[in-house]
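In the two complexes below, subunit A is the common chain; its partner is subunit B in one and subunit C in the other.
Let's turn to the complex of A and B:
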């Protein structure tokens, strides 16, 4: 937990487009959120909502066809006594400064531990690569650091794992290695992109508990990207819900689950099967499916599926993100009192 | 000891569910599926992966029977053996025909097997891989009808339209290709195809695992509706305990190729008898931030089925393991009516279930 709310990362009005042969795909169309130091922010959404692209933008690693066309990502970096704001989106992706931030300040772990480790190199090799790139240490120190970081992620026999190839490890062990690599340079912000989605339930529970322990120990900030609301409830302090390239709601974890405001958040929570459910209860569903990002509905993007749809408003005007309470923002006409008089104003 | 463990072969048949008076539609007895491990130039068999090892259960007519477990536990292999996409190494799979004639699926010749497949169909996990991208919906859904000489021409068209309507798709789309449909819609297409020949039994192999949360609910409801409407019986394979809880009447939990516990869904969730079931229930992330986040986490990984541990397969990860667990394999024994568990201490342990 943060002692006082000190912002570490601000994402403002981020727009990222991909230029493909079949036209422009507007992957992000207004992503706003802030993350406080020492907090865990969950970014939730269904496939195609842009949660992974958001992570790529924060790392300044948007694939070559994509471009950040508007908005900014500002990282508040600690130096000595104060903090210094670095606008990540203004830095060239391959600049020395950006390379220093990646790894040293912000690190990332991915969904597929299978494909994000190189099968031709030992675990030790891949760990040493990260350490040598970012830290000024000699060979013996680097090796000691590497083995220590494997020990930190609770891998049994770290020396043996150090010498193993990825195929010799199980899925859960590989994800631990990924976490070890990401944490080897003590980043202040960790981005975890669906880190447990490919794992079994009992392994998922292990990895989640490990991440909680490491967070308690290091007080790092985490952006936890997932589609699983159960995982969010277990891990996060804050939640940003995304739908089709926009953040539709951001608030603290308790409000997200107990008094969500956006119709999409509400519907999402009602549609998950719960253990305490009565067997005969029908699940409430969200009508239709997520539209293709190349044919996005007019007005509010959720309006064709929204149970609280208001004709004449929702399909015509795009809602803006409204601050309805301290630390609670919603992008919906239902909560936008100014919408009728001044369409399209920023809160 | 409250109950004396009886041999697994006859004790394991759980007759549970609402329609138990109607009896079992499918009985699986001592099913084994061992895949050979071959090595060297001569491809000599050096061992076996016991993917399914002595599995016995029965599915009562009109109910949903769940198979749950982690990857590699043999749940999908069991499903595939049942409809004979894989030929089992040993064991019996007995299906009761509409005229109450039992048929041994494992012993059918190719011709009778084809006839049999009208009764039993399968829906796969990944709707992106299970639909041929070069065929239109009409060809995909109509294929079983054409192959079995059930219908053609205008009649075929009408039937396909009706099937698509049943699963909530618009018949106008029957000349489109799968790429035009989302994951949830594709899973509806798979269901329409499975229903084409009016089957009585459907094996659903992780049918909602690849879908988005909001779409998952739609498909689960559809599966429930179709069951009522067509009087279907399902073998429902899943790894998600919440989904199992929602849809199944009775459940078998599998671990390294064996059933470790079997009971009605309510009973299994309320009063698990096997430590692995308890651990599975504990591991589910609960969508409630007010719940205590710290709890017991199972250590270690699922063992390799080619080289399982001695004694009880679960003992290296089990919090309650004693010396006997390391040496002796526990039998699957009945501890309450219709509730079996493969644990030496099932009668003594007081395991934590869900309050439902």
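Let's turn to the complex of A and C:
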């Protein structure tokens, strides 16, 4: 752990839109969060809330139809003396500087281990790609590094895996290979986009504990994208909750689970089954369903489903992210002094 | 691998035997035989054919025997490279085909190369620049190329070149070079004529292949391993060429295998329109004249090329895709 809180990544007011035949899809409409060096941040939300697009923005790899229309991603890169702020969103996606950051400073692992490796090349070939690209080593050193990184993710017989084709490995093994590739160049930030969703439960547990161990060992920062609050509880130091393209709450892990402020976070936690619950009690669900991204509700995007909905405020004005405590931000009118003091006022 | 090849060879031979039998049967299905065609032609010329002469012809070609026997006589010769005689030309079938094979293969390989060299790069460009200006232009041009029939394009080109440049592009040589011995001038003259059939045949093929390449590559570009390769920091060209294109090329190799017979059939209609001395028109005439040994041999060649093309494509696919195993 870093001695003092030192910011490594800042995402500010990020807006990303996709231009499709059926109109503009506003995938991100205000994503804000901060990640400290050596910390694990969980990004939680339902499917379609923009978690993966956020990851693509940080990697500056938004698909061709998408565009970052506002906001910024700032990466604090360590150099000799201190840190230097790099505005990732200002770099051209195909530029040399961006490619030097990708894979080297910021690495990423994906949701589907079965399709994350090119079926036509051996594991070794794809692992060496990353090593040769970012490290100044000769062929034997590169190979040794590659085998070592396979060993580090606890793959038995790393030499054999090195020479294997992806189809010869299981899903769990492939995800380990992906982690090995991601960590081969010792990145300072790892983005894990639902890395265990496609795996069965036992493999999932193994991969999580591996990631935990590797994080302890390297002190890298991790952005852990998931919709599984159990995984969050196991892995994360900080949590950012997203709803329909906006971050609605960011705080530390204990506050998230024990005193969440945003009605959406509260509702999410109530919908988790608990062991101590009465077996006959029905599980609580959040009323309604996620609106279609092309027909976003006015005002607060959560208001049609919100149990604490305030008529005349919530459907009228968009809430802003307010700092309610140190390291605790909420985007809700209930905690916004300026809003709640003048209810019903219209702009 | 060897066992696979051996097994495939056995399949190939049995397929060909079956095709030869069915093909021969079908060629013999229409009523009458070459003798009737021969007689009709003589009558048109005003000469009467003696009954004895016809009998002699029948005996010479074994036409008086039942179809299975005729088939057996024909097939027996294959091993010795004897494919029977052409009634119409009164020459060995193998000689006739061999004569025209050179130009046929030249034109077909030329147009195949043209198609691949033009279509693949355009396909890659349009997929990586989806819905940009270049993609839209290529799509419109490609659709036009796909919908214009090739014989039509051949006619238009002939007229345009005749009017604008004042020389004919029909055939493969200008009149003065047809019987001349080979010389630099003759080669130059050939090149002047050769590009027309290559472009004509290539246009529709290019349009089709371009669309297939574009579609395949678009699918592959959305695959997670392409994103993962990009996330490693690889250059965009490496991502596209090494990871995307190689995966997208699979269906095209199968397609290439299936287009092998066109080397022999030599795009029939275009050859007839342009008056090319290829095997295509020869095949067409043989079918019309009921010149059955010539037609049957062509059919066998086409079948052989198709079977061979598929076989080669399978082996090639196995070489580029580690997931394919020969067992």
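To be clear about the criterion, the second predicted complex is superposed on the first by the 339 of 347 C-alpha atoms of A that agree within 3 Å, B and C clash if a C-alpha of one lies under 4 Å from a C-alpha of the other, contacts with A are read in each partner's own complex, and residues count from 1 in each chain.
Assume a residue touches a chain if its C-beta (ideal position, glycine included) is under 8 Å from a C-beta of that chain, and two chains touch if they have at least 3 such contacts.
Here the structure is a predicted model, which means the values were calculated and not measured.
Participant: Superpose on subunit A as described above, then tell me if subunit B and subunit C fit or clash.
Facilitator: fit
Participant: Please work out whether A:274 is in contact with subunit B alone, subunit C alone, both, or neither, and reply first, second, both or neither.
Facilitator: So A:274 only meets subunit B here.
Participant: Regarding the shared-chain residue A:232, is it in contact with subunit B (first), subunit C (second), both, or neither?
Facilitator: After superposing on A, A:232 lies in contact with subunit B but is clear of subunit C.
Participant: Touch test for A:118: subunit B only (first), subunit C only (second), both, or neither?
Facilitator: In the superposition, A:118 touches subunit C alone.
Participant: According to the stated criteria, A:59 is in contact with first (subunit B), second (subunit C), both, or neither; which is it?
Facilitator: Touch partner of A:59: subunit C, not subunit B.
Participant: Of subunit B and subunit C, which one contacts the greater number of residues in subunit A?
Facilitator: Ranking subunit B and subunit C by residues of subunit A touched puts B first.
Participant: Is A:266 in contact with subunit B, with subunit C, with both, or with neither (first, second, both, neither)?
Facilitator: After superposition on chain A, A:266 lies in contact with neither partner.
Participant: Touch test for A:103: subunit B only (first), subunit C only (second), both, or neither?
Facilitator: Second partner only.
Participant: Which value in Å is the smallest Cα separation between subunit B and subunit C when the structures are fitted on chain A?
Facilitator: 6 Å.
Participant: Provide the residue numbers of subunit C that touch subunit A in the complex, in ascending order.
Facilitator: Within the complex, subunit C touches subunit A at residues 130, 223-236, 242-243, 246-247, 320-323.
Participant: Under the stated contact criterion, what part of subunit A meets subunit C in this complex?
Facilitator: Touch residues, subunit A against subunit C: 59, 61, 64, 94, 99-104, 107-108, 110-112, 115-122, 126, 129-130, 133-134, 165, 167, 178, 181.
Participant: Within the complex, which stretch of subunit B touches subunit A?
Facilitator: Touching subunit A: residues 70-71, 182-185, 212-218, 220-221, 224, 239-243, 245-246, 265-266, 269, 279-280, 282-291, 293-294, 297-299, 301-302, 354-356 of subunit B.
Participant: What does subunit A use to touch subunit B in their complex?
Facilitator: Answer in residue numbers: 46-47, 170, 172-173, 200-206, 208-209, 212, 227-234, 236, 253-254, 256-258, 267-269, 271-277, 279, 282-286, 289-290.
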